[in-house]
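Here chain A shows up in two complexes: once beside chain B, once beside chain C.
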Partner chain A sequence: MNNKTKTPLFHVSRRAALPWYKTWAIRGAALLLALVLSGIITSLVTGEDPFAVYGAIWKGSFGTTRKFWVLLQNIAMLLCVSLAVTPAFRMRCWNLGAEGQALIGGLASAACMITLADKLPNWAVILCMIVTSLLAGAIWAGIPAFFKARFNTNETLFTLMMNYVATQLVAYYCVVWESPKGSGTIGIINPKTQIGWLPQFPSQKYLLNVVVVAVVCVLVYIYLNYSKHGYEIAVVGESERTARYVGIKVEKVIIRTMLLSGAICGLAGLLLVGSTNHTLTTTIVDGRGFTAVMVSWLAKFNPVWMILTSFLLVFLGRGAGEIATKFGLNRSFGDILTGIILFCIIGSEFFINYEIKLTRGAGKEG
Partner chain B sequence: MDNKIAAVTMRNITKRFGPTLANDKVWLNIYRGEILALLGENGSGKTTLMNMLSGIYFPDEGEIAIDGKPVVIRSPKDAFALGIGMIHQHFKLVDVLTAAENIVLGLPGKLDLKAASRKIKEICDTYGFEVDPDQKIYDMSVSQKQTVEIVKVLYRGADILILDEPTAVLTPQETDKLFAVLRNMRDDGKAIVIITHKMHEVESLSDRVAILRHGQFIGDMPTKSTNAQEMTNMMVGHPVTLNIDRPEPVDPHPRIEVRDLTVRDIEGTVKLDHVSFTANSGEILGIAGISGSGQKELLEAIAGLQPVESGSIEYVDDSGKREQLIGKDPFAIQEMGVALSFVPEDRLGMGLVANMDLGNNMMLRSYRKGRGIFTNRKAPYKLAHQMVDFLEISTPSVETPVRRLSGGNVQKVLVGREIANAPSVLLTAYAVRGLDINSSYLIYDTINSQKMRGVAVIYVGEDLDVLLELCDRILVLCGGKVSGIVPGRGAKKREVGMMMTKLGGEADE
Partner chain C sequence: MKKIFSLLLALTMIFALAAVSAPAASAETTVKAGFIFLHDENSTYDLNFINAAKEACEKLGVEYLFKTGIPEGQECADAAEELIDEGCNFIFADSFGHEPFLLQVAKDYPEVQFCHATGTQAHTAGLDNYHNGFASIYEGRFLGGVAAGLKLNEMIEAGAITPEQAKVGYVGAFPYAEVKSGYTSFFLGVRYICPSATMEVTFTNSWYDPTLEKEGATKLINNGCVLISEHADSMGAPTECEANNVPFVFYNGSAADACPGTFIVASRIDWAPYMEHAMTCTANGEAIEADWTGTLATGSVKMTEINENAAAAGTAEKLEEVEAKLASGELKVFDTATWTVGGQTLTEYLADVDDMGDFVPETNVIADGYFHESEYRSAPYFDIDIDGITNIDA
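After this line comes the complex of A and B, so read on.
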């Protein structure tokens, strides 16, 4: 009965580390494959010329100066939230509450703008906004961190639930502060006095966010890779037992890192409310708290690579919107293309870590 | 024996892991009615070779034949169908199920535990096992679990058995029992392969030895016609001496004084029960005992990692000043100026960070040094380079994650870092477990040189022969209590073995 077993055609084995140019060749090939695949699907399903569709995707981000700045602003905000979750992720602490932490930071900013506008000078209001939004975000992350450190609760579920609490709080205050009355929304805050609006570079409305996030990116990179805290985070993430063995206070590191994570989320909320939108809605963070998870993972928790991955995701998202309007396609079609591209890119990591060996002389020899 | 058809013939087997050649054109014959000892240093490819036989890996090149017929083994299931069963170092049993349930788990057909129990009894009677089919796994000792693993393999009809370092976790008495069973199985016509590092076991048990070095097949011969020295030389590739040095203690005076130490685990079970002893500087204190007798808790209590219920652990410095260590974590102990080094049993899970490279692992002990918020990254990498040269660590570079290194090299990294601290107390748990002869002797030498420096060494070991040769005094633990402390010079193996299983060691009869 054993005669029937045939030598397998191929088997999978682990590769040694590849030189960097080979890994990038594999990734490039994956991107190329993704473009060809999505081109074929586009022509089959919609009958549109795939090159025209690619062109539209490109134009969605680079078509006009304005679109380009919207692209930059979106990258900056997504990157900001991604930078926030990364220290926690490096510690293998899955902070899925960035959405809520940013929202609560935004709520704190809006509260300062609305309630302090006629009591304090502009600079003091802005100072209050900065302090309270960072603090609010930190507290929102600190609560689950405390319970994780103290009672070993599951941070994934806890931070997720905190998102709903934040959304409900904002929904409540949207009614309390509604303007005009009966609209159920806050509208632009202090439209005339512009109190609490963060200062802008004269040339560009969105430049402030981009600059702030760029600085945060550099700081987070240095903090994680070169500081004693960053080293402790890495050790705790890899093995709590090793951390205790060298006398690292694991509970302290968990709480400290989550506070930092939340504070950066709070900063994102501050920028969204104080600089970009000058208003507050329950959807102002726009799912970035969750997209950030993908940005951070794709970049393997490296802040510098995250610039690239957040660009990729924002670029694809803007492109999806553009083809939806230009070709009258459903927006979901853009999402399908995004899915194909991400699938190929993530899938290419398999071929970087493993190789497929064909078995020589399969099934012959006897 | 010459004309017999081999139960297993492995021809020209080659297996690569990336650029590493784990097996290089290996030829090996395994015969029925024979116990084959497979010897080789760490990383010589013994386990890889056997994993290909049991279907875990698939060879890149070469053929395998069973009873002269070529076969293809793609999975453990294929291996079982061919009657090949492997007992791994780490048991694969479900704790909450009984022995019988574990044994029939995953087998096709109707679940008939009664019939299974009968068949298990039969197997046990044939070979002299003792297994209670209805006992839960979590109630079993390590040796009982191992027995269940062996019965599981036999139950599935295996007649070619591979055991990967089966005695690493057993007491001398348990080892004797296992060997008796293995001999019975051999006499019953089964083919048995045993992977081990312990020479005296090879000599007392096996009929034939086969030796691998650096993935290549070096040779095989009947055990009777060779000796430990020759086998070791073949494994290593050059002559080595097999004696462990034991220099006289250097100016011993009390360094660690433990009084009435009592420790309970989280479930409230007493792990250490009023343990008292003194560890002297310039001396190696061996700790013997069946695994799980409180060795881990004892070392971790001294290192500040284990909460203590009562008792005292005092550190005595050179001027005679005493400091209480209980209630302090490792960082606090370090801050007190006590250079306490600890080589824990779980190297990759506790002593090192598996995914970090050598340099970053060196940094674990030193990253707090220096003012400011930044780490000094140059010093640890320099230290890593020194360690690689000094301890002959074979690694592609100091930027290689330690999980990619072989067991012996991982241990060298850990021991190297711990002695780089210039300790005054060195705690080691199973320092040579899984290490080959060469690496083991390097570790013994390193420990001895620390002793000569005046370090108080506490050496938890499992190989009684080594404990008796290396240690100045041996403390025997039995069920969390001190069964006795004997001088290392002149102690009898049997006597210490008895003390491990019975307080005080006196037999009833």
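After this line comes the complex of A and C, so read on.
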């Protein structure tokens, strides 16, 4: 009785791989918990019936045909950026610069639309936009990749800092190209002539993006799983030494993969500026460069699963926004809910990889 | 089969009856209003709009939805479309940069009325459902200038400063017409009372930046400005004035609570009359003007309570007297006899009233001895640099 060594109540240990249905059960429980928590908090704040809250979340995405299209468009754009970062992630190269790479792609598109509008025919402007935006995104990722391959710099910090450079460049050009005068914003580019506006499917302004991203999704899937490049990426990701041993030029793979990563981000910028928004702001990428990290992680870097994780994040985000409007709350309330939801979802990954065991014998004799 | 048929028939009749007995649609439409704000209540600019929107909607019994924190980009168009999805048939946006996006949505929804504060393009856009509104706030600023001039005279009489030291400072957001019109009218108000006054101006190049606005005020105070006014949307400049015990004239709303020792008075636009007017027009199916300029008479230009701690004696009486003169038209803020450019009195001036994106001035706005501000469109277009005002950033 008197040998009172202090035993902790529980301890955390790494799990062996769980069967797929258990991991999904944990994820489902986390999602449920997230919804219950946001329901409770919203009800407490507004005094509304929690089911009205869930109704609002649903309506945020499926309330009207237009909202459904916005949902698809947002999924497409988030997926596009997520697809971009995935090849680098598979290589264990943490490209956190997708935000800046997409932004600089958008800047290139906008530059073509504004400066070439009265010099070239529409098709030539669009061609220039495509080429320059992919190139700009690739360069923006290529710079950190070069330094990583050459000097083994830390790509996480480097790509992160490139985001700020891109944002400041865009902020500068927003003032240079401002319209109307005095607004400090670019406004809608070529509203009358519509030069540089990517062609649209009749009466569906978001369909082009959805189709383009669907194609990119398939291509990235094939590239990663069925091409020599994809295999090289996987080997470098597992172990750089092994890769070197089998004769893979690691530096080349790093640079090549990051260029691809950046180019797809540039494509996202092109689609945002040229196809849907027809303007350029510092916030046009809307944090997707960072959300994409989560999308890609949660889907275990699998492009097909990423469709689902993108859907989940966009669906919840739009639901949170709907709640804020419907119940007359500040827009920040939507962010609070999104935060709760993400916390639960990311937390669920912890419970998939680790288990918490109550320490036995703390109160037992013998 | 027969049963089903008769049931169907019965149902059809019931529905037909219901359709007939439903009240006939009257000419009056029920308005549901959607408001788009750049920031939230923490911005003095947006708070002024938010309060006005609540007041106007509650007075008219109109249901409303708010979207706060909407940037000047595609987000504005998205917000407007979401409000329309929620059944709003009247959309109001409060920031200058919202205009191109709101215009875009207005083209797609001809049955919805769009009102945009401070915008410039309604009179040339050629849309029946898109409108701009503003107010002759230069009259309010002129009155603020009068209060400031009285304070300067008091300081001169008390021997605190010489007439030559009567220098006021102004923290502006951007060096554009809206701000220039504002500080020039303020300065003309100051000089109307204190003829020896001069003014220095500095710009933050941002509508809302507490730090830059505070630094701007510091710079002006260090340059020897003995009174400050401002046109930007944070409490940055006022708190700096309070800390340095420099009197100031504010904008958007009272700062008497935060700065009890130095706040003199503030002018502000009360947007409620415009919102009420536009929503009433929407309800009655009447056309809303492309441009609507509120005045002292419509209750759109207002002065806050005067803070007796900081204001000179007799300020209230003087403001009343000058306000009456402005309202009657006896006194013109931009009377060309009261200001010069390079020592010359202007007799004509071309302003860029039709904002076609070309920045080409096309309309003569000086006639009958004064500059016709906010008459050819609601948003200000006075952008002349007059003698006596120094831009210290230039």
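In this section, the second predicted complex is superposed on the first by the 281 of 366 C-alpha atoms of A that agree within 3 Å, B and C clash if a C-alpha of one lies under 4 Å from a C-alpha of the other, contacts with A are read in each partner's own complex, and residues count from 1 in each chain.
To be clear about the criterion, a contact is a pair of C-beta atoms (placed from the backbone, for glycine too) under 8 Å apart; a residue touches a chain by one contact, two chains touch by 3 or more.
Not measured: the values here are computed from a predicted model.
In the superposition on chain A, A:248 makes contact with chain B only, not with chain C. When the two structures are aligned on the shared chain, A:277 is found in touch with chain C, with no touch to chain B. By the touch criterion defined above, A:231 lies against chain B but remains apart from chain C after alignment on the C-alpha atoms of chain A.
Touch criterion met: A:15 reaches chain B, while chain C stays clear of it. After overlaying the two complexes on the shared chain, residue contacts for A:184 are found with chain C alone; chain B is out of touch. In the superposition on chain A, contact of A:160 is made with neither chain B nor chain C. Contacts of A:80 after superposition: neither chain B nor chain C is touched.
Residue ranges on chain A touching chain B, taken from their complex, read 2, 5-8, 11, 13-17, 226-232, 234-235, 238-239, 241-242, 244-249, 357, 360, 365-366. The touching residues of chain C, when paired with chain A in their complex, are 40-41, 65-75, 78, 81-82, 85-86, 96-97, 99-101, 103-104, 120-121, 174, 176-178, 205-206, 352, 355, 357, 359.
Of all residues in chain B, only 16-20, 58, 60-61, 63, 69-72, 74, 78, 81-82, 303-305, 329-334, 342, 344, 346, 349-356, 360, 363-365, 367-368, 373-375, 377 touch chain A in the complex they form.
Note for the complex: chain A touches chain C at residues 63-64, 66-67, 70, 179-185, 187-188, 191, 276-279, 281, 283-284, 325-326, 328, 330-332.
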